[in-house]
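Here the chain labels run A, B, C and D in written order, and each chain numbers its own residues starting at 1.
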Amino acid sequence: MAHDIAILGASGYTGAELVRLIAGHAGFRIAGLSANAKAGQKMAAVFPHMRHLDLPELVTIEDLDLSGVDLVFCALPHATSQAVIAGLPRDVKVVDLSADFRLRDPAAYERWYGQPHAAPELQKEAVYGLTEFYRDDIAGARLVAGTGCNAATGQYALRPLIAAGVIDLDEIVIDLKAAVSGAGRALKENLLHAELSEGYHTYAAGGTHRHLGEFDQEFSAIAGREVRVQFTPHLIPANRGILATVYVRGDAKEIHATLEAAYAREPFLVTLPFGELPSTRHVRGSNYCHIGVAGDRVDGRAIVVAALDNLTKGSSGQALQNANLMLGLQETTGLTAAPVFP
Amino acid sequence: MAHDIAILGASGYTGAELVRLIAGHAGFRIAGLSANAKAGQKMAAVFPHMRHLDLPELVTIEDLDLSGVDLVFCALPHATSQAVIAGLPRDVKVVDLSADFRLRDPAAYERWYGQPHAAPELQKEAVYGLTEFYRDDIAGARLVAGTGCNAATGQYALRPLIAAGVIDLDEIVIDLKAAVSGAGRALKENLLHAELSEGYHTYAAGGTHRHLGEFDQEFSAIAGREVRVQFTPHLIPANRGILATVYVRGDAKEIHATLEAAYAREPFLVTLPFGELPSTRHVRGSNYCHIGVAGDRVDGRAIVVAALDNLTKGSSGQALQNANLMLGLQETTGLTAAPVFP
Amino acid sequence: MAHDIAILGASGYTGAELVRLIAGHAGFRIAGLSANAKAGQKMAAVFPHMRHLDLPELVTIEDLDLSGVDLVFCALPHATSQAVIAGLPRDVKVVDLSADFRLRDPAAYERWYGQPHAAPELQKEAVYGLTEFYRDDIAGARLVAGTGCNAATGQYALRPLIAAGVIDLDEIVIDLKAAVSGAGRALKENLLHAELSEGYHTYAAGGTHRHLGEFDQEFSAIAGREVRVQFTPHLIPANRGILATVYVRGDAKEIHATLEAAYAREPFLVTLPFGELPSTRHVRGSNYCHIGVAGDRVDGRAIVVAALDNLTKGSSGQALQNANLMLGLQETTGLTAAPVFP
Amino acid sequence: MAHDIAILGASGYTGAELVRLIAGHAGFRIAGLSANAKAGQKMAAVFPHMRHLDLPELVTIEDLDLSGVDLVFCALPHATSQAVIAGLPRDVKVVDLSADFRLRDPAAYERWYGQPHAAPELQKEAVYGLTEFYRDDIAGARLVAGTGCNAATGQYALRPLIAAGVIDLDEIVIDLKAAVSGAGRALKENLLHAELSEGYHTYAAGGTHRHLGEFDQEFSAIAGREVRVQFTPHLIPANRGILATVYVRGDAKEIHATLEAAYAREPFLVTLPFGELPSTRHVRGSNYCHIGVAGDRVDGRAIVVAALDNLTKGSSGQALQNANLMLGLQETTGLTAAPVFP
């Protein structure tokens, strides 16, 4: 029998991606959809690509009936999530897609997000949702914090290398190229087609991007010492995709072998043959992440490149993967569709 | 138990789309894949987005083992198909995605394709593959001819209107906007990103596009008299999608009611509420076709707009829908995934 | 000696395009730039591509010093222009890029724009700015009304044909494909890159687009009888360009000869050889308009296709061409730069 | 009086860009255009955006009449240039846009290009064409070697910093994002719109890109010791633009001040205010290069980002700038048009 789930904030891109994925998932039934400004509308009006689906109408969170609901996906804006989740019944499991519960340290949260956390008890309870590295904790969790999409990409490239001690921890540069859907459906000048198409640029440069909080927390924990990477994201004229080019000091072959071993049994993390590097077009619309390694002509240096779809593996696909674990389903359910190319 | 199928010409875009769809189809097993120039390669080398799939290696048609194969998808170039299909064992069913068997009249074939047909016996036997209008014939067919992607889009907009006699048959204009994947993976200057992106234009204008042969054949058959539409395709800087804007003389409300009634029970043809018109972004990567009708301020005139994904509903999705029928499976199997947006 | 000019509404795309063109124009000096919300900012902050130019700071219209200014370009939003222009000194010439003075008939204005005109006296005085057809009037005008960009494109395809009586006036269909910069820098969901890229669709269908007011006014005046065309615009995932595919009944060769003769001496209107059709990528960033004609296999029918850059020939380039005439300069000054391709 | 010039290889993108720029240059007259495969055609057939220009017909190099020609732009493929230029009359000046004369050391040439140089005498004579750093040599040169477009971008970001000794020479990483026109008009699968649009990836990774030869030569010469940077280019779904994100160790403020001082009088190199970073959309179609600097939260690290248009400042604009110098004209002639945005 299918589990009833609800999606809070269903009118954004990650909400829509959740509906798309769950529509093809036999184990889940969408029992409720909330959206603030668009409450009262049908999903088909907000997202006409869902016309053929039989979906509940959008309602406000207050009007959402959660009786019988086993799990809630919370795709609300950052800072809104914490208050809303604090108010949910304790017997409902929660996968949060916002940034609110990614950082375990309240001080780190306040430093990166500019305000004190409103639900520090929940913050303690939340499990970091990078599935492949927190699988057991996620399976037993009540509240899972979806990772940043950029943060996920960088970690897939680096975690096994830091854990194995095969790279220099003081010279890590992550140059990341993000497609525009990661910025959400917000109305901003630089997200207009006329501005972005045929133009690309850095954003949040200089170590100011909030996903650095996740890198700091996770990489330092793995290394057992403070690790501070350099990280510069770029906005690219494409709709879906993240490509992280990671510059490291270490032996390229050893790096490749380490990643290959770490991900040998992972259903969604694909290590390419040595020297092959991934492209975003080969993961689009899917939950797969492709990772490649190449040496450099400068001795002792290498690059690791990871590519994934920010809306799927970087966000809603990850959320579903975690939800599967939390409800005792097979982890890959509803997530194995092949990428859409071209 | 799953049916074994094979795909001839698996290294093109329609071949890749077939693999993508069938990879999520429980009733089919891909037993063989052929490609001429790329024989000997793995699919993952030709299409790295399929790296995670366990697929047979590409071989030449000659090396393809068809024993145990129930059905072959033939995604070969136009004019190549007819010879190849003539050589296949008679107990293998065939869905052909080329233009070779779309026209029933050998003279019409020669006029539009510039050469006599090499397998006129097969041509007689072939069923035209516009599923919703040839469902019973397809279910019993050995050879089904996939329609042109442009031809399918125009027919979805017009067939019920011609059948019901609600539009003037002598004043039909189809202005069609096609995304570039419809041109295939051919290496042509006008398909380069630098040429096409930020540029759009007509092609095969003036009534020279070969899909007109299909319009002529089908519309005349429905009307019981000769029907000759005007049809101008345009190449648009997008990867997937066809949008057909059809200008007709008739009563808009009656036209809408006619389409709505005709498609009321169709799983993939969605008639939008009167006055709403579709967008290609709402069908991308899916087997759905959205159709809208609007009246005009010029009395007695209306437009019908149909949108579909050329690689899915316009080609490989249609092929799979037909294969399901031919093998006695539920028609929609493997085809109900929601569109990928954004 | 250079003429001093000012630009009202310099923070939008047409304002920016005016600055770009005038920056390379020896006869004009930019003496003032206004912008409401962005008053107090430097142009380089609003449009960093102008960093290298020495431009006046943006001020409110109230703070603009017009002493010594010979001509004002008014690139304000529709409905705002009429009040502003009514308040300008009478000795300043005006080129208005808004829709406010395009329609000569106050009743037509009210019908298409939903409100009575606030400056009917000025409306009477304004000259319609389609340079090639109102050249002498423009040269002597104080107030010139820039045309709609779609309206200009359709008229270039049709005016000589209507004047010469070589097409059927009751069966004209204009199917138009417009790039997104024509929608301006407004923050709307459907203008986001994630929405528009990889998606295209009709807008203002069914004879509701306001540029129809211009078609009605102009075509009827030429024909000496009421002419009502069908006109459906489409939004295309590209930044600059308009392509109008016009379906007409008439002799294709005669149509071509008529256009070729009409435009033989026009510096910016290029009639292509018979059978060749234009592409938007061949006019981008320029003041040129390419026009082609092809016959149809349906006897007595033809298509005329016109392509131009909406921001240049369709708007700011036209405005500059008119300003040149109004100030007694050579019409082509500052406008002959070749298109930017690729 | 205008100088007569000729362009060899006028049917490629850099050739077309040269024609576009020179068409607006009062001091040059295009006296001859060559193209191999397309000899006998008009430029308007190869590049319809030039229809309005009165240009010589394309001929083979053999048929090109160079009498009276003062300067030849050679836009031929790499390895072809050296033989052709060796055969030109000695009294004709040459700006070569290929890679053939960029490297002064024959051994370096052979290592990076895989074959011995065919004209080592000319190689010795050639001046490296990075205008701002070889201005005097270029003014007196007979043969100038246009730089690689990626190489130019990286050097604009780094040369003054290496010269001033304000960065660590052993930890320079250049992560570069290149638009597709840099790959030329070659027919390759990965340059198709359907492949590249909505996809991006590294190419020539691992220190194999040939422009590294230029970096090595130039940076080592400035530093007076061997300098080996890491350099990874990426192919981005856009038509024009290069964005180089350069990671360095040094004091960000000092780096910014160094660049600002170095480029204070340069007409085309614009240093942005500290902390502002450039976008490719703000230099498109122009000869301007924008350079920005930001510090990093990791102490002692900074990024320098440079953006230019690969076809203009990165190639044909640079060539024209050098030709101006070689013929005694003002360096900026024909090159000051503002960028085309949006």
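Just so we're on the same page, a residue touches a chain if its C-beta (ideal position, glycine included) is under 8 Å from a C-beta of that chain, and two chains touch if they have at least 3 such contacts.
Just so it is clear, the model here is predicted, and its values are computed rather than measured.
Peer 1: Using each chain's Cα centroid, which is most distant from the centroid of chain D?
Peer 2: Of all chains, B has its centre farthest from that of chain D.
Peer 1: Write down the chain pair with more C-beta contact pairs when B-D is set against A-B.
Peer 2: A-B
Peer 1: So, what's the distance in Å between the C-alpha centres of chain D and chain A?
Peer 2: 39
Peer 1: How many angstrom lie between the CA centroids of chain A and chain B, rounded to a whole number?
Peer 2: Whole-Å distance between the two chain centres: 36.
Peer 1: Approximately how many whole Å separate the CA-defined centres of chain B and chain D?
Peer 2: Centre separation, chain B to chain D: 45 Å.
Peer 1: Identify all positions of chain D at which a residue touches two or more other chains, and write them in rising order.
Peer 2: 13, 181, 194-198, 237-240, 278-279, 281-282, 284, 342
Peer 1: If every chain is a node and each touching pair gets an edge, what shape is that graph: line, ring, star, complete or other?
Peer 2: Topology of touching chains reads as complete, every chain touching all others.
Peer 1: Touching chain B in the complex: which residues of chain C?
Peer 2: Against chain B, the touching part of chain C is residues 171, 173, 175, 177, 194-202, 205-208, 212, 228-230, 232, 234, 236-241, 243, 245, 247, 275, 277-282, 284, 294-298, 301, 303, 305, 307, 342.
Peer 1: Hey, which residues of chain A end up touching chain B in the complex?
Peer 2: Against chain B, the touching part of chain A is residues 13, 16, 19-20, 23-24, 47-53, 181, 197-198, 239-240, 268, 270, 272, 278-279, 281-286, 288, 290, 336-342.
Peer 1: Could you list, by residue number, the parts of chain A that touch chain C in their complex?
Peer 2: Per the touch definition, chain A meets chain C at residues 13, 180-181, 185, 187-189, 191-198, 237-239.
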